[in-house]
Structures are given as C-alpha cells and as structure tokens.
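Listed next: structures, encoded as structure tokens.
Shared between the two complexes below is subunit A, which has subunit B as its partner in the first and subunit C in the second.
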Partner chain A sequence: MRARVHGDRGWGIARVVFLALLTLFTLLPMVWMLLTSMKTQFAASQYPPEWWPRNVTFEQYFILLSPANETGREFLRYMFNSLWVSFATTVLSVMVAVPAAYAFSRFRFPGRNLLFYSVLLRNMFPAVVFLMPLFILMRWLHLVNTELSLILTYLTFGLPLSIWLLKGFYDNIPAQLEQAARIDGATRFQAFIQIVMPLSSPGIIATAIYSFILAWNEYVYALTFLNDKSKLTLPVGLQRFFTEYTTNWPGLMAASFITSVPVVVLFLVLQKYFVRALTEGAVKA
Partner chain B sequence: MAEVRLVDIVKNYGAFTAVDHVSLTIADGEFVALVGPSGCGKTTSLNLVAGLIEQTAGDIFIGDRRVNGLDPKDRDIAMVFQNYALYPNKTVFKNLAFPLKMRKLPRADIDRKVRAAAKVLDIEHLLERRPRELSGGQQQRVALGRALVRDPRAFLMDEPLSNLDAKLRGQMRAELKRFHQDLHATVIYVTHDQLEAVTMADRMAVMNGGKLQQYDTPARVFSNPVNIFVAGFVGSPAMNLLYGLMEGANRVGRDGWAVELSAENAGRAARATGREVVLGARHSTIALHREHVAGAVPGRVYTVEPTGDVTFVHVRVAQTIVVVSVAPSVMLAIDDPVWLGFDQNKLHLFDGTTGDAL
Partner chain C sequence: MSVSTAAREPNVFARIVRHRADYLYIAPALGVMLLVIGYPIYDTIYLSFFNTPPSLAMADKIFVGTDNYVRILTSEAFLDVTINTLIWTAFSTFFAFALGLGAALALDRQFVGRGLLRGILLIPYVISAVAAAYIWRWLYHSDFGVIGALAVASGITDRPINFLDNVDTSLPSLIVVNVWKEFSFAMIMMLAGLQTVPEQLHRAAQVDGAGVFQRFWHITMPHLKGVTLVTVLLLLVANLNSFTIPWIMTAGGPAGSSDIWITAIYQLAFERIRFGVASAYSVILFVVMMSMGYFYVRALTGKDEATPG
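Right, the complex of A and B next:
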C-alpha cells in the first residue's frame, strides 16, 4: 500500500517534469521572440546576447502598426490580406462542411461511401504535390495572383477534415431529437437550424478555428500563387521583411509576434466551447 | 382527438418487409397497445403514423384526412420517445413551449399552456432547469408534458416507460392510464412488455414478423389467442405449450406423455391439417398431483419459484418444461415425481402445422 502511494508519487513527479520540459520547449522560442521584439536594434545584435532587454522599447510595434510610414502601411496591408483570405476561407468552409457533414451523417444515398472516402483522398498526399497542378488550374481559370485562388485552395485542404470532424458530431446527435422537433411542428430545415445546429456548435467552432489557422499560416501556395506585392499574405510578407530588413531583428520579431496574436486570441476566446459537452442530458441511454 | 386508421400498410426496406399488410383502426379516444418482440414492426408502424417514414403501400387516415406523404408537422400528432428526446440546450419551459412556438401561438397563450401542463405533471418547480439536471423520472414527465401541452389528434408513444425503474414504471403506468381517461385521448402505445399492454390498453394489437397477429381486448387476447405465437407471448408466465401428435382419435402424446381429449376437444383436434397438435394450458388451469391420477401426465420437478402469493413450479415433462402455479403452502423438492392434470374445458388446441388455434 505504502509502496503503491510512493510509486504513484514517483510517476506524478515524472509527469510534472515531463510537462514542464515540454512547456519550456514550446514557450522559449515565443518568449525569445517577444523579448527580442522589445529590444533596440543594437541590443538585439549583441554577442553574447543580452538575455533580458535593458532598454525596453515598443518602437517596432508603433512602426508596424502605424499607417503613417511605408513599413507600417505594407505590414497592415499584408495583415488585412491575411485576415480577408482566412476569414473568407473559414466562412466558406463552415458553409460547405456543415450541410455536407449533415448529409453524410443522416442521409443514405447512392455513392455515399465512395463520395465520403474520396473526400479524404486529398489528405493522403502531401500538399506540395498539388502545387503545380493547382497552379496550372488556377492559370487556366485566370485566378493566378488573386486572393480567390488561395481561398479555393485552402478550402480543398481544410474541408475533408472539417467534414469528417463535423460528421462525427452529427452522428452523436440522436436522430430522435430531430424527429421530435418535426413532430412538434418544425420542418426538416427548422429542426436542423433550431435543434441540431446549436448542439453541434462545438464542432462548428472547432472546424472554423481549424480552417482559419490553416489559411492564416499557409506559406507555399501563397508564395506561388501571388506575386503582386499588394496582395501578399502575412507569412509571405514576413519573409520579405526577412530579406529586406536583414538587420532589423526586433522589427522582424515584432511582426512575427503580431502575426501569432490572432490565432492565440481565437483559441482563448473559443476554447470554452470545445470542452462543453452540449448533448449531455438529451436522451436517456 | 381523432380516429386513426391504417389500411393495408406495407413497408419494405429493400428486400426486407418490416410491416406486412397491416390494417388497424384505432377508435377516437381509444388506447391501443402495439405489442410484439423486437423487430416485429411495431415501432415502424408507429413511425409510419407519425410520418417519420413513408409507407411503401397502403393508406393512413387521421380523422377524415388521408395523411399519406404529409410531413410529421402537418399530421397534428404528438409523440413520446423511448429515450425522451428532450432538447438538451433548452430549459424545461422551452422544451414544453417548443411545439406551441412552432405553431406560432401568442406568447401569453404559450406561457399559460406550458404552466398548465407543468402543473398537471407536477414539474412546475423544474421549469428553469435543463434536461441534464433532471432525474430519469422527471425527464420522462417533461417528455410527456411536451406531448400534452397542445391538443394533438393522437398521442403516439414509443416504449415511454422502458427506461424507468420497476417502481416508477408501475406508478407511471397508472398515471398514463388516468391521463388517457381524463383526456379521452387517442393513444397508440408501442411496447414489448405485454404487461403494459394488458394493464393499460383498451385493445391490443399483437404483431410478429411484420404481420398483425391478433387485435382485440386484452381479456380476449388472453383467453382466446388466435395462434401459438400470441398464446406464448401474452401472459406471464406464458402459456404452456405441449407439442404433440394425434395418437388415434382422442389422444395427443409424444415421448412418453399422453393426454386423453374430451369429446369436444377431440372434435376440435380433428380439424388439424396434419397429425401435429399443440396443447396450450395456462399455469392456473393445471392441477398438480403428488401421486398417480388417472389421465394425468407424469413429470419431475425442475425448479420451484416462490413469489409470495403463489408458487410457480417448473415441471419437466419429456423435453418440455411446464409451469404450474400452486399455493405457497405446497412444499416440493427438485426431482420430486408429480402428475399434471389438464382441465379439458380450459385447454387450448393449436394446429401444429399452421400454428392457428383450433
């Protein structure tokens, strides 16, 4: 009995150490990025490095976020492009994934399984494989150098997983709930909107976050499909910063930090919807 | 409230026939139980009436209206589901209000009706709770309330009590019966539990293999089962069935047992299509003797089940077990030799080939 308690405590400590190391590994680059962004250019290029910035300055942030100067205008432009592409991708993928997943979950139609698995086929190949074919396709559609080309591409990447994820949610919502709603006077569509949709909101939110992050972070396709400087998204824009302002490490780090903010905020705001098990209490098992 | 009529209903799923030419009229204000083992087509029949699925052939009438192809919402029926199907994201009040809201009633009317229904069901104090915060019995009441809150033309109930514990089930059975009488409601009640059907229903429709076997009052189904299936399904313990062969004109037997038939029963047995005749006897119509009696069938005690009021003795006769009820004072040990005397006036005879009553 005592030995068991000791054994458990031993594991407990090992677990804490392991998690602490993992956290450190994840957080350190972020912290270094944040610290560097608040240094002066001179301090940032010192060797041995200045571990803790002696003169904290937010100068780089003011430059990047102010439309008054060239760099700021450029950065804000990229940011706006990224937001637009990511937002459009998110909205469209939810609009497509929700009814598609619902149909896969509830209806039996010819070719259902074939269609369902072919949806996943795309995910069996690395994304780069499709770079050239998609580029040729986009050129043929006269979409090269437009945001639409990126939105369409990101949709094809994000949708398979979104549909699978949401289908799982709909499978877990008992069909009797919709039947009850239809008997209570709802049309099939009303039953879906009023009863099923609210219950699947954790799934919809998860799907939305996934699509948004996917679009927000994507680099290779954005680099290939876009060449007009005014249309670049943040990841590609950051890379230009990197080449054009090689010496300006604090500026680059500040830009990187700002880029990571929306994703973090999105998670913090919406994470509570993930954990709530909304279907609890719906039916008696 | 209205009459519900099923006319020659067929429902096929591919090659499988779930409901096979069923015709059934449920009178206005009548409580009808659809009973049968799982997969017999009773729930499918109920869903057909509800409009959740569409029949392959046949007509369904609710009142004077033919409802073929109508959406569930346009059939004006209410349904209680086995798993209750409460809307988990809505409070009890909103669950009850939902059918009224969908019918666009004024807010004040909704409020009044919901509170009235809640009062009847004694769930007024739960109106602001969510389904997951309720006990099983309370959830059941809310599910019932959602059906009672409006004036549907018929109530459809799909095993509404099967998720409750035995005590609560007994209590709800009494309450449901009382509701039915107070509201003069047309109720179609699906259950696999013949006890619920017998205790609550005005008439019961026994189904098996998608076919309607017998549709009559519980008392008549109990006393005059039309075939072996109904005889074995209704009553607890079930009717004893002895599969025998005609041995001469007035004797049925097999593997060491034989029963002499009375003249009347012999006449009925003569109508059998083949030599196979099945004897059916309720546990209470069999006399148990401890020594040999002329005409009695010998057997050995297999097990003894005292229930308090009555003791059920399982007797092994050749390959079958026959259940006999005796007074609790009768003491028997396993493997005691006993003799069973069948009451000729209460003996059921079935054609062993077709299964029909003779």
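Right, the complex of A and C next:
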C-alpha cells in the first residue's frame, strides 16, 4: 500500500511540473507581446533584447486608439467593422439555428436525419476550398466589398455546431411542458417563446459566443472579399498595418493585443458556455 | 407537425406534404447552407474541368477535361507540397493531442485555481490566428527575436537562429506555433471525455492494487475512445485546412519549404488567378476530407461501438 501511495505522489509531482511548463509555454509568448508593446521602437530593436522595458511607454496604444491621427482613425474603423460583422453574424446565427435545432429535435419529417448529418458535415469543409466559388458567387451577387458577404459566409461556419448544441438542449426539455402550455391555450409559438427558449438559454449563450469568436477572428474570407480600406476587419487590418509599418514591432504587438482583448474577455467571462459549445457534440453523442 | 409521429404513412410524398410546415423551421438554415456550401461544392467540381481566364470572365473559360488533375498530380512540386502537408498535419495533430491529453489528465481533479488555469491555457485557442502569427513572427525574428536571444544566452548557439527564413527550420517552427494555438482544444475535448469515466471504477481498481498507469490504460482509455476519435479527426481536418498561420508567417516559403496544400491552392487561385487548376486541387483535398467526414459522422452518431455510452 505504501509503495503505491508513494507512486501516486511521484505522479503528482510530475503533474505539477507538466502543468507549470505548459502554462509557461502558453503565457510567455503573450507576455512578450505585452512587454514589447510597451517599449519604444528603438528599445525593441536591441540585441540582446531589453528583457524588461526600461522606459515603459503606452505611446502605441494612444496612437492606435486615438481618433486624432490617421493610424488611430483607421484602426478604430477596423475595430468597428469587426464588431459590426461579428455582432450581426451572432444575432443571425441564433435566429437561424434556434428554429432549425427545434425542428430537428421535435419533428419527424422525412429526410430529417439526412439533412441533419449534411448540416454537420459542414465541419469537415475547409474555408479555402470554398473560397473561389464563393468569390465568384459574391461577385455575381455584387456583394464583393460588402460586410454582407462576410456575414453570410460566417453564418454557415457557426451553424452546424449551433444546431447540434441546441438540438441537445431541446432533446432534454420534455415535450409535455409545451403540451401543458398548449392545453392552457398557448399557441405553439407562444409555448416555444415562453417555455422552451428560457430553458435553452445556456445553449443560446454558448451558440452566440462561439459564433462571435469565429467571426471576430476570421481572416481568409475577409482577406479575399474585401479590398476597400474602409471596410476591412481587424485581422486583415492587422496585416495591412504590418505591411505599412514593417519595423514598428511595438505598434504591431499593441495592435495584436487590442485585437485579442475583446474575445479573451468574452471567453473568460463566459468560459463554461464556450467550453460547452466545443465539447457537447463529441461527448454526449 | 405533431410532436412525435409513430404512424407510418405508406408514401414518402404524403409524409412530406403532411410535414410541410416542419420544413419552414429549417428553411433559413438550409437555404444559407445551400447557397454558401452546396453551390460552391458544385462550382468547384465544375470549374476543375476548365481552363479559366485570368480576367475571371467565366464566359471565356475552355473545357480541358481532366488536364488540370493530370497537371497537378504529375507536377514535381505536388509531391513536395504533399510531403509538407503530411508532416504538418501529422506532427501538429500528434503534439496537439498529446499535450492536450496530458493537460486534461493533469487538470482532471479538483484544486484551487483549476478553472482559471484551464481558462489561461485556452487563451491561444480563442485569439485571432493573425495575432498569434505576428506574436510568433516577432518571437522568431532573425535579429531581435527573443527565442534566438535566449538560445544564445543559454549557450545553445553562438548567434541568433533564423527560424523562418531557413528551409530546414521553417516548417517545424510553424508546427510549434500551430501546436501552441490548438493544443488546448484537444485539452477541453479530452477533459469533457474524462467526465464520463466513472469514479467508482478507479476506486475499485485502486483497491485491487492497480497503479496509475494500469488504471489509465485499462479504465480511462477505453472510456475515451469515442471522444479521442472525434478530437483527432477534428484536429486532422483543422490542420489540413489551416491557412492563416502558414500564410502570415512564411506564405509557403522559403523556396516552398513550408508550402502546404491550402497555401498552394490559395497562391494558384488568388496570386496566379488560375481558378481552374486551383479548383482541381481543391477537389483532391475535398476527397481526402470527405473520407474523414465519413468517419466523423459515424463517430458522432454512435454507429460505432467506440462511442462512449
């Protein structure tokens, strides 16, 4: 018995060491991003590097977030575009996924399984494979260079997972609850809004945050569909910023940091919902 | 439109008509999926048999049969790019999964700060790949990069390493970034899988004298089969399709040393404006992906006994 307990303790130490190393691997690149963003351009271009910034400056943040100069105006514009595209995608995703998931859960129409699995298969399809035909399609629809082209496309990224996740919730809500409401005189729609929606709100939050993060971070489609400078979203704006100010690493790190903050905050606050969105399908199935 | 229909109508059309209102619920989802997925699949396959003009005036395209496929499969670059793709996909998936599983096992226990730690480890996964790519470009910078400087300071090399501009190190350097970005996805998947392992089984095995490793192998692993399959498939697909990190960090270079299928397709399509050839390339990738999709749906729908019960 003692030997085994001892063995377990050995594993315990290995566990702590492993987690510590993994945390360092995860955090150090981001710490270096932050430290660099608070240096002057001169201080960042030193060899060997300044391990700790000697003169901490928030100059880059002021430039990026101030509407008083050209760079700041552009950056704020990108940020606003990203917010708008992500927000619209999120709202539409929920509006489209909720009825679809409800139908897949409650109704037994012909072709239900086939349709459901073809929706799921979307997860298998890569962005770049669809890029060319969608580009041609968007050109034909005169949507190139509009935010709508991105919103439509992003909608389909989040939908399969959202439908899957919400269907799981609806499966777990007893149909008798709705039937009771309907006996009391509620229409099917009222029963849905008043009973099913509140019970599935964790699923809706999970769906929403997942869609938002996907849209906020998307790069390939934004790169291809948009070329008007005033329409760009943050990831493409970041790249543009880099090609314009190649050596301004503190500025680029500050911009990367600002780009990451909204999704990281959203994620940390709603972590359990996001984790649920990602894992639900794989484990419950 | 009843909540559940046990009765079977003899005729499928009669059933469709009877359930017609049900389809209204899924119509918006199906409509947008058809437009953004169905049509592109069709168009990619169609275009892959044509030579398209650089002006993208599609009326002027010329039917060339399977020429595009022959050209790709027989080109010398295709073999190199395929080898890179295999290395990139296999190593990224292996290391992301191994680190993720390790982290999940280490976190599968109550302790103070567990939620916070899980959150921290997930940050690379939620930030934009563009930001991640620039952070690592800066870490790898040939003159002022902190990794090169650390290597010198600790005496591993005598001068900074040029990670990204070197044909030997470019692909491995990208794989490190990719693993950094996605290992925590595997972590939360496996962590969720671990919740399905009954605690009593571990207790019982411990009483019977099974060690940590024996318990892991005989109790934990069999319960994780299904979730492992799904996680590995999703990682494989994500890695076969990752564009942002390789594109921003090296764009396939130097000298094609980090070129993978996706970056090659993008270059063909949007730099050389050869949509026909690029479409044929996409179809090849697509076939590989579809075969994985088959196993993915099988794993998810539990038609495989490997799925956890």
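We take it that the second predicted complex is superposed on the first by the 263 of 285 C-alpha atoms of A that agree within 3 Å, B and C clash if a C-alpha of one lies under 4 Å from a C-alpha of the other, contacts with A are read in each partner's own complex, and residues count from 1 in each chain.
Please note the rule applied: a residue touches a chain if its C-beta (ideal position, glycine included) is under 8 Å from a C-beta of that chain, and two chains touch if they have at least 3 such contacts.
Here the structure is a predicted model, which means the values were calculated and not measured.
Asker: Quick check for you: in the superposed arrangement, does A:25 touch first (subunit B), second (subunit C), both or neither?
Answerer: second
Asker: Once the structures are superposed on A, label A:190 by its partner contacts, choosing first (subunit B), second (subunit C), both or neither.
Answerer: So A:190 only meets subunit B here.
Asker: Based on the superposed arrangement, let me know which partner A:91 touches: subunit B (first), subunit C (second), both, or neither?
Answerer: It touches nothing on subunit B or subunit C.
Asker: So in the superposed three-chain picture, is A:198 touching just subunit B, just subunit C, both, or none of them (first/second/both/neither)?
Answerer: A:198 contacts subunit B only, not subunit C.
Asker: After superposition on the shared chain, which partner residues are touched by A:181: those of subunit B (first), subunit C (second), both, or neither?
Answerer: Touch status of A:181: first partner only.
Asker: Identify the partner contact of A:144: answer first if only subunit B is touched, second if only subunit C is, both if each is, neither if none is.
Answerer: Neither partner.
Asker: Quick one: subunit B or subunit C, who's touching more of subunit A?
Answerer: Of the two chains, more subunit A residues are contacted by C.
Asker: A:45 contacts which: subunit B (first), subunit C (second), both, neither?
Answerer: After superposing on A, A:45 lies in contact with subunit C but is clear of subunit B.
Asker: In the overlaid three-chain picture, which partner chain does A:110 touch, first (subunit B) or second (subunit C), both, or neither?
Answerer: In the superposed model, A:110 contacts subunit C only, not subunit B.
Asker: Considering only the touch criterion stated at the top, classify A:33 as touching first (subunit B), second (subunit C), both, or neither.
Answerer: A:33 sits against subunit C, while subunit B stays out of touch.
Asker: Residue overlap on subunit A between the subunit B contact set and the subunit C contact set?
Answerer: Residues 179, 278-279, 281-283, 285 of subunit A touch both subunit B and subunit C.
Asker: Residues of subunit A touching subunit C in their complex?
Answerer: It comes out as residues 4, 7-8, 11, 15, 18-19, 22-23, 25-27, 29-30, 32-33, 36, 44-49, 95-97, 99-100, 102-104, 106-111, 115, 117-134, 136-137, 139, 152-153, 155-156, 159, 163, 175, 178-179, 213, 216-217, 219-220, 224, 234-236, 238-239, 242, 249, 252-253, 256-257, 259-260, 263-264, 267-268, 271, 274-275, 278-279, 281-283, 285.
Asker: Using the touch rule from the top, collect the residues of subunit B that touch subunit A in their complex.
Answerer: Going through subunit B, the ones touching subunit A are 50-52, 71-73, 75, 77-79, 81, 83-89, 98-99, 102-103, 130-134, 136, 139, 146, 163.
Asker: Could you please specify the touching residues of subunit C with respect to subunit A in the complex?
Answerer: Counting only subunit C, the residues touching subunit A are 1, 3-5, 12, 15-16, 19, 22-26, 28-30, 32-33, 35-37, 39-44, 47, 56, 58, 99, 102-103, 105-107, 115, 117-124, 126-131, 134-136, 138-139, 141, 143-144, 146, 149, 152-153, 160, 180, 184-185, 188-189, 191-193, 195-196, 206, 209, 211-212, 226-227, 230-231, 234, 237, 240-241, 243-244, 248, 262, 265-266, 269-270, 275, 278-279, 282, 285-286, 289-290, 292-293, 296-297, 299-302, 307-308.
Asker: Report the residues of subunit A in contact with subunit B in the complex, numbered from low to high.
Answerer: My answer: residues 174, 176-177, 179-188, 190, 195, 198-199, 278-285.
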